[in-house]
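In the two complexes below, chain A is the common chain; its partner is chain B in one and chain C in the other.
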Partner chain A sequence: MRILVVGGGTGGTIVANNLARRLSSETRNRKVRITMLSASDKHMYQPGLLYVAFGQMTPDELYRDQKSLLESSIDFYVDPVEKFHLDKNNVVTKSGKTHEYDILVIATGSRIVPEQIPGLSEGAETFYTEASAVQLFKRLRNFEGGKIAVVVGVPHKCPIAPVELIFSMHDYFKSRGIRDKVEIKYHYPIGRIHTIENVAKWAKPEFDRMGIEYETLFNVKEVDIANNVVRSEEETESHYDLLIAIPPHCGMEVIEDNNLGVGGWIPTDRHKLTMNGFDNVYVVGDTTNLPVSKTGSAAHFEAEVISENIASIIKIGTPVRDYDGKVYCFIETGHDSATYAMFNYKNPPDLKPSSQPMHWFKMAYNKMYWTSVRGLL
Partner chain B sequence: MTTQTETSVNDDLQGLIEIAQLATAARDAMSDEIVSRMAGTMSEGLILLDRLTRNEGLMKLLQVLDRQDSQNLLIAFSEAIHTTSQEIAAAPPAKGGVGCLMRVVRDPGTLEGIRFLTMLGKYMSKGLREQHRHGD
Partner chain C sequence: MSDCMIIDARDTYCPGPLMELITYMKQANVGDILELLSTDEGSGADVPEWVDKVGHEILSNEKIDGVWHIKIRKAK
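After this line comes the complex of A and B, so read on.
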């Protein structure tokens, strides 16, 4: 039995490691072979980028060698897939090598596409890459006062990021003693301040308390760099001295190029996590088109279901678990407090008051992440 | 006048207050850096523990070392390391040559040692062949 995992992010790594653990005797007896193909030999802890943007972490803390995170029984190659031949059960990589499989796990993730909005790449700061997070920190550190506009592209990874950014900025400028000189205006594309209703209800009084101005139904149309103005599809506009964007995201180009899903999102069964029409192809993390948040935690919970089901198919011939849409998001509500949102397909989140112990839990998780991707937590 | 029950309740409350004070003191002493360092150490420790406990070779070695005869061997080995290091330090440099080699070979202890190493080699290669045959 050949299991091929394409993509070495959170979802792919947890699937591969969990499978290696569950099928240790089968891999030792060479009845099962697990292979991972990735575009990089490095693994990045992406949630850490927000901390980099506020000088709380340095970029080197976010990386580990991918090979060091994988169980030794997993064959790992840095050789991204270019062609998916799902009808022939094989993929072809950039180096030209063909990998046959019996079970395929697609975990290629997502990417930012700020270029979809005119002027956004050139005119807005962001924190979704290492370089942009460092750049944002430098801009914030040199900012002495004025108007900051925060705009949100859709869809985007980590739905909590826009509100976390606001909370962090409020605390950052407060700690520098210039909060009264900084106007922060938040723009959100739908009719409330967050896509998750309970988060919106919880965040609104917090924004009011912190003196955050907000405009809803603001879908970014263009950034006029010359005049420092951002305009919306709804024909409104905001002036700024510093523009920060949560950029829109797409699935990876290879998914679209192979006609696996529009926008790079693969149509996926919401419970079985298989690709529609292919029972031996699983999809995990950002790559799915599921109506759940594109976060590491969703990828984690999906990965556990996928690996348990693949292992049980090999052992008893049938899957045993369904994914219930579970997501668990930490929400940093400042530099020393946090809360969390846990929800699934049926139950919306019920947010608790923020506290310092929850912030420490998040700080601890930033380190425990590496234990998590190894399939231990 | 305070009843016995009231005194007991007061003692309990005092105990709770002290625990709360301890928790508050611990919280005040903590910082993001301390939490991160502790979590980092715990994370690495867990990974190391996981590697060790799932290492079949190491687990087998521990099982074997649990047996008394293996422990005797280990004790003898430890003592041999100590004695050897002392003797090597005190002994003059070897002169070499066939005569010297003959004197070493005639020593019963050296012959026992060579027999031990030969047996170890024999059983190791037998074990390795078995493992390869079973595809482990």
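After this line comes the complex of A and C, so read on.
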């Protein structure tokens, strides 16, 4: 049995490690072979970018060697897939090598596409890459006062990030003693300040308390760099001195190039996590078109279901679990407090008041991630 | 894109039905028809509010067996 995992992010790594552990005797006996193909020999802890943007972490803290995170029984190659031949059960990599499989797991992730919005790449800061997070910190550090506009593209990874950015900025400028010189205006695509109704209800009085101005139903149409103006599809506009964007995201180009899904998102069964029409192809994390958050947390819980089901198919001939849409997201509510949102397909999140211990837990999790991605937590 | 694309956003809290609709609307061509399925009680009002503000067209909006079926034509 050949299991091929394409992509070495959170979802792919947890699937591979979890499988290697569940199928340890089968891999030792060479009845099962697990292979991972990735575009990089490094693994990034992406939630850490928010801390880089506020000078609380440095980029080197976000990386580990991918090989060091994987069980030794997993064959790992830095050789990204370029062709998916799902009808022939094989893929072809950049180096030209063909990998046959019996079970395929696609975990290629997502990417930012600020270029979809005219002026956004040139006119807005962001923190979704290492370089941009460092650049944003430098801009914030040199900011002495004026108007900051925050805009949010659709779809975007980590839906909690926009409100975390606001809370962090409030605390950052407060700690510098210039909060009264900084106007912060938050723009959000739908008719409330967060897509999760309970988060919106909880965050609104917090925004009011912090003096955050907000405009809802604002979908970014273009950035007029010459005049420092950002305009919306809804025909409104805001002026700024510093523009910060949560950029829109797409799936990876290889998914679109192989016609596996519009926008790079693969049509996926919301419970089985198999690609529609292919029972031996699983999809995990950002790569799915599921109506769940594009977060490491969703990828983690999906990965557990996928690996348990693949292992049980091999051991007893049938999957044993359905994915219930579970997501657990920490919400940093400043530099010393946090809360969390946990929900699934049937149950909305019930937010608790933010607290310092929850912030410490998040800070601990930033380190524990490396245990989690090894499939141990 | 097909003549009527179904967006199944039932039982979803994040990113939520309207955010899903906006995502697919960006991928659609002018003239395409999308039908959003939502179990979010607020969708019956929230979605038309956004559609009207942006300038697309609501073709139908009805609740059947607890599910909102909202049909929209992309107008620009």
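One rule holds in what follows: the second predicted complex is superposed on the first by the 377 of 377 C-alpha atoms of A that agree within 3 Å, B and C clash if a C-alpha of one lies under 4 Å from a C-alpha of the other, contacts with A are read in each partner's own complex, and residues count from 1 in each chain.
The working rule: a contact is a pair of C-beta atoms (placed from the backbone, for glycine too) under 8 Å apart; a residue touches a chain by one contact, two chains touch by 3 or more.
None of these values were measured; they are calculated from a predicted model.
K.L.:
Which touches a greater number of chain A residues, chain B or chain C?
P.N.:
C
K.L.:
Which of the two partners, first being chain B and second being chain C, lies in contact with A:Arg30: first, second, both, or neither?
P.N.:
A:Arg30 contacts chain B only, not chain C.
K.L.:
Once the structures are superposed on A, label A:Gln56 by its partner contacts, choosing first (chain B), second (chain C), both or neither.
P.N.:
First partner only.
K.L.:
In the overlaid three-chain picture, which partner chain does A:Trp370 touch, first (chain B) or second (chain C), both, or neither?
P.N.:
First partner only.
K.L.:
Does the superposition put A:Phe343 against chain B (first), chain C (second), both, or neither?
P.N.:
second
K.L.:
Taking the stated contact definition, name every residue in chain A that is touched by chain B in one complex and by chain C in the other, in rising order.
P.N.:
Residues common to the chain A contacts of chain C and of chain B do not exist here, since the sets are disjoint.
K.L.:
State the interface residues of chain A toward chain B in the complex, per the touch definition above.
P.N.:
Where chain A meets chain B, its residues are 21, 24, 28-30, 56, 336, 356-357, 359-360, 363-371, 374, 376.
K.L.:
What part of chain B is in contact with chain A in the complex they form?
P.N.:
Those in contact with chain A are residues 27, 30, 32, 35-36, 38-40, 42-44, 46-47, 50, 54, 135-136.
K.L.:
Any idea which chain A residues touch chain C in the complex?
P.N.:
It comes out as residues 116, 154-155, 159, 189-191, 195-197, 217, 219, 233-234, 248, 262-263, 291-294, 325, 327, 341, 343, 345-346, 348-349.
K.L.:
Show which residues of chain C lie in contact with chain A when the two form their complex.
P.N.:
1, 8-9, 11-20, 22-23, 26-27, 42, 46, 49-50, 53-54
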